[in-house]
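The structure that follows is given in the form of structure tokens.
Which chain is which? They are A, B, C, D, E, F, G and H, in the order written, and residues in each are numbered from 1.
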Amino acid sequence: MAAEVGIIMGSLSDLPVMKRAALFLEELNIPFEVTIVSAHRTPERMVEYAQSAKSKGFKVIIAGAGGAAHLPGMIASLTTLPVIGVPIRSRNSLEGWDSLLSIVQMPSGVPVATVAVDGAENAAILAAQILGTFQPEIAQKLQVYKDNLKHKVLQAAQKIETEGWQSIVQE
Amino acid sequence: MAAEVGIIMGSLSDLPVMKRAALFLEELNIPFEVTIVSAHRTPERMVEYAQSAKSKGFKVIIAGAGGAAHLPGMIASLTTLPVIGVPIRSRNSLEGWDSLLSIVQMPSGVPVATVAVDGAENAAILAAQILGTFQPEIAQKLQVYKDNLKHKVLQAAQKIETEGWQSIVQE
Amino acid sequence: MAAEVGIIMGSLSDLPVMKRAALFLEELNIPFEVTIVSAHRTPERMVEYAQSAKSKGFKVIIAGAGGAAHLPGMIASLTTLPVIGVPIRSRNSLEGWDSLLSIVQMPSGVPVATVAVDGAENAAILAAQILGTFQPEIAQKLQVYKDNLKHKVLQAAQKIETEGWQSIVQE
Amino acid sequence: MAAEVGIIMGSLSDLPVMKRAALFLEELNIPFEVTIVSAHRTPERMVEYAQSAKSKGFKVIIAGAGGAAHLPGMIASLTTLPVIGVPIRSRNSLEGWDSLLSIVQMPSGVPVATVAVDGAENAAILAAQILGTFQPEIAQKLQVYKDNLKHKVLQAAQKIETEGWQSIVQE
Amino acid sequence: MAAEVGIIMGSLSDLPVMKRAALFLEELNIPFEVTIVSAHRTPERMVEYAQSAKSKGFKVIIAGAGGAAHLPGMIASLTTLPVIGVPIRSRNSLEGWDSLLSIVQMPSGVPVATVAVDGAENAAILAAQILGTFQPEIAQKLQVYKDNLKHKVLQAAQKIETEGWQSIVQE
Amino acid sequence: MAAEVGIIMGSLSDLPVMKRAALFLEELNIPFEVTIVSAHRTPERMVEYAQSAKSKGFKVIIAGAGGAAHLPGMIASLTTLPVIGVPIRSRNSLEGWDSLLSIVQMPSGVPVATVAVDGAENAAILAAQILGTFQPEIAQKLQVYKDNLKHKVLQAAQKIETEGWQSIVQE
Amino acid sequence: MAAEVGIIMGSLSDLPVMKRAALFLEELNIPFEVTIVSAHRTPERMVEYAQSAKSKGFKVIIAGAGGAAHLPGMIASLTTLPVIGVPIRSRNSLEGWDSLLSIVQMPSGVPVATVAVDGAENAAILAAQILGTFQPEIAQKLQVYKDNLKHKVLQAAQKIETEGWQSIVQE
Amino acid sequence: MAAEVGIIMGSLSDLPVMKRAALFLEELNIPFEVTIVSAHRTPERMVEYAQSAKSKGFKVIIAGAGGAAHLPGMIASLTTLPVIGVPIRSRNSLEGWDSLLSIVQMPSGVPVATVAVDGAENAAILAAQILGTFQPEIAQKLQVYKDNLKHKVLQAAQKIETEGWQSIVQE
């Protein structure tokens, strides 16, 4: 099945964060592709990736980057597909502040749909929501996922109400 | 034509920023609805708005808010539609930092597609990109819009190269 | 005895911080209830919790949350009881800055009594102070607690003055 | 009628912000007193104010301060009454960041119920909520106030839905 | 004479800041070219500009940008010429913090020589210093410029010492 | 009478802030000298100023600077006299954050006594306190000054208590 | 010999930082006293400490505190002695930002001589500099200390120049 | 061969970061010298170093410093050579914010080419780019280095595309 979501990141060191996006899409059976594209080390590859994204059948692109994080914004400048940006708190970033600001503060005309710092899973959920606007079966799966989240909270609530908060705490 | 995008904000004072979203959607002929929904002053209305959004035919929701900005995130908690958050630098916000962080830093499971502070136009472009994933005519219009942006930059470049930078500057 | 204070948090992972509130209320013999309520995962439960809080006899609600922390503010939007917010420096928060700003910067009309980042014990003390405004025996216990704090400082002062600062330091 | 709320601030220059607290309490017919107490210029007066607050019949103290804002915390160190702190964005503060942090980040044992920067009205609402825990008629008035807030939002919503967003915007 | 320095910026609105770079180079008789290149609106033009910069004879590139400022870093990714970045405090930037961080925090391998927020004149001085490493006459002019700066301070010092500080102050 | 305090700043544009230091010392009859010394434009003059400060009879140096503010710290590196640093919120500083951090965060071995952003008057008071440690008549004047501060607060308090807060407020 | 410097801190947990002040004064043979004084837990003791400081013979007070750090400023409000504030990055502070701002941003009239975060040694050096303004033998010792600092740097320089940077690095 | 680049830092503790600059220059066969120069502990040595830098044949100076980082700016004030500043996140710096701001925010007239926090390798690359403007063989080596960076990314991309993202991730 042709990939509907492209997941990219600047280096393999971003994979521990970005794999959470892949895992979520896998869980929802949404076809996707993962690769490495660096705005600063492979700018031509980045241009090519963005320009061919639509013709390859991608509907959404998820791009993760840290520090002076230009990948999501530059991809967005080169395609009309929605681009989701994941600010990564990489080893050299200023606790993620640089990653966040250099992704979210895009100028008028070229939006990047930004999620929380290290929020790769949320990026995948957002991608699924976007696909779900016209694919009801994905929207349905998201509803199931949402119900599961709720269920887990209710279970935790029941546990704490039944067993008592004292019995649960471990620091 | 049924509205595909819902634009909401907490109060009329947000309209000077949020109207840019409306203007863009109008320009692209994308049907939308604008109203006031306050997370903190009309929480029940907010719940109802979010829960009925899908059945009313909305595909995307754009929510603007300032300060401790809970509207986008709470809407996102109540629907599987993609929600776009616009952090507003309102009179009482800390230069927009509070608005930005309380919208973008959503927990795992409930993403908000966050744009720049006061970035209402980009929110509308992002909504159009989302709709464009399955409506090629919208994607086409976005391409035209993108080409126009490029054209204006090229014109400015030509102007500055022809007339000289000295003749243009006015402070 | 009916609970006078409701302590809530978004997930079990907040319990190591929030239990300090429970421990303090226990120490002062103030009846309370602890449970899990998530603004983003169980929004309907949150509405119900807030709306029934007064009729259940609660006088004060303590709500802890991290990141884009909406729980305290949303509870406050749904009740006229005083709500105390505890910003939690959770794993994904930006060192607590997002938690703090999204709790304290509430718009006019809907206050949240915000304490320090991870300040759950202070939240409980504040709850006791609120109850103490009309329950003199609680105010008295708070005075005893305050005297104890002072006593411990005086003991430390005596120790350092008698034994010398050199003998105490351990890094 | 004896004052139930004490409103204090460091100088007359804080009055434009702090008067909003007075106006709200006046509206709700809650008796209060306003005066000037400076932590740094009249420390002895501050000690005396805090120590006599309870015997004068105060139930709650609202203290506003800017910059290195010590007034709320020092009052809280000297009484068991709940103290509400209003961080003021005064002329010499760093956009309110110093005021906020030096009020909210109190150490364990001595809470200050902190509201938003310049949030004096919310401080008064919070004071009313505290009084309302045992004075049902105040809680009722708060409910009316809350209903009014909701009503105004609903009116604005109706206006924008009826008249259209275009007719309203003025920048 | 062939231009040795290329000055670029994303839009005409950056010219009031960036013209200071042009004025300085003009003063030192260093040939330069000014034009508009937008990373986000004309990405292909940007690639072409960067890739042809060396063959056109440029030795240094000065790039100004605001908000999520990607222009300097992307140019740097496409050439081995030194690139000087000027963070611009544009209308939509967060007081310049976003501009600064998204320019200076470049990943290993692709430096941008960053100057102060709105520091376009310093960017030109730095460009001249770079050219001066191998063009002694430029280094000499820089020494004259530096001597002038010193001279002006000494004059101000003399004025204040002779006339007295009271006679000078005007607020 | 030989000057006991040296007041320096990097340029005449700092005088509107720094003159408050001069005015205070004048009021207390403490002899002082004001001049311009720029760390970055007249580094040799700065070295000379610092090295001759003690032999000229100065007891304390007050240095004001903005942006990357190196003057106070560099003076401190060149003398054993106490140096008081005034972070100035100059036109190009990042709201004073850069000025504050580059003055206060001195490495071990070379302290700068830092006061608030734009706190030139406090710098002068601190200088007087330092002189007052061994000149009782200065300490006495400081006590009078302190009493005056207190007196003004008490007057304001009386005014607000007598006339009522309503009659005073003007926004 | 009567103590000339008083070193205080809010709790024993501040001692690992504050002992560096004690060690330095000991090294210079300057008599001092160390004790615990908490602004928030022992406010009366704090008032008494500050008011009796001068009559006890203290010339300077060094006060360390973290979080909403009120101790240095409150001491300064109660004495005309110079007060040196040490912002402590305590366990609950926001990386020291709250400590720094709530100490340095004092209002006009009441300065605190603030040193770097955790800069207790510099506080002691500053205290010695203040004493040295009228005690030439202390100024002399400071000069020796300064010469030692220089000497160590010169030794390190020689080591790196002789042995080579490769032989020294250990990570 | 005479050194073309001078690398300096305030203390040996900066070497683990700054050695990356040395390693890069070594790799490119660019002659350089490393030594220790402290702005605050050896100010005279610093002045001498800067003033003799040009006559010793240096073309560029790389200066690393942390906290209130004055070394790069002061060197820049004393020479017309380009100075590259490396903000170091040293043990006592505020996560590098103080280092960054006190290096990058230089006043008009005295630029420092600032790289990312701890970005010593990028400082060396920038130095090579500066030398490369007139030494084509260095520019060529930089191109090779750039090609290598690209190659490594392409290899990582191939690896992830061939082997699959699941097989690579290790946390």
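We adopt the following convention: contacts are C-beta pairs under 8 Å (C-beta built on N, C-alpha and C of every residue); 3 or more make two chains touch, one makes a residue touch a chain.
Just so we're clear, the structure is a prediction, and the values are computed from it rather than from any experiment.
Would you pick out the chains that touch chain A and also touch chain D?
Of all the chains present, those in contact with both chain A and chain D are B, C.
Taking contact as defined at the start, I'd like the list of chains shared as neighbours by chain E and chain G.
Intersection of chain E and chain G contact lists gives F, H.
Superimpose the Cα trace of chain B on the Cα trace of chain F, which carries the same sequence, then give the rotation angle to the nearest 5°.
Between chain B and chain F, the superposition angle is 180 degrees.
With centres defined as the mean of C-alpha atoms, identify the chain lying farthest from chain C.
E
Select the interface copy of C-G from among B-C, A-C or C-D: the correct pair shares over half of its contact pairs, counted by residue number.
Most of the contact pairs in C-G are shared with A-C.
What whole-number Å value describes the gap between the mean CA coordinates of chain E and chain F?
34
Using Cα averages as centroids, what's the distance between chain C and chain E in whole Å?
51
Can you check how far apart chain E and chain H are, centre to centre, with Cα atoms defining each centre and the answer in Å?
19
Listing for chain A: what residues touch at least two other chains?
In chain A, residues 10, 41, 67-68, 92, 94-95, 97, 100, 104-110, 112, 116-117, 119, 146, 149 touch at least two other chains, as defined above.
Using the contact rule from the top, write out all pairs of chains that touch.
Chain pairs that touch: A-B, A-C, A-E, A-H, B-C, B-D, B-E, C-D, C-G, D-F, D-G, E-F, E-H, F-G, F-H, G-H.
Help me check something: in the complex, which residues belonging to chain H touch chain F?
Interface residues on the chain H side: 10, 39-41, 43-44, 47, 66-70, 73-74, 76-78, 92-94, 97-98, 101-110, 112.
Which chain B residues qualify as touching chain D in the complex?
Of all residues in chain B, those touching chain D are 10-12, 15-16, 19, 22, 33-38, 41-42, 45, 67-68, 92, 94-95.
Inside the complex, what are the residues of chain H that reach chain E?
54, 59-60, 80-82, 84, 100, 104-117, 119, 121-123, 125-126, 129-134, 139, 142-143, 145-146, 149
Can you list the chain E residues touching chain F in their complex?
Contact set of chain E toward chain F: 95-97, 100, 116-119, 146, 149-150, 152-154, 156-157, 159-161, 165-166, 168-171.
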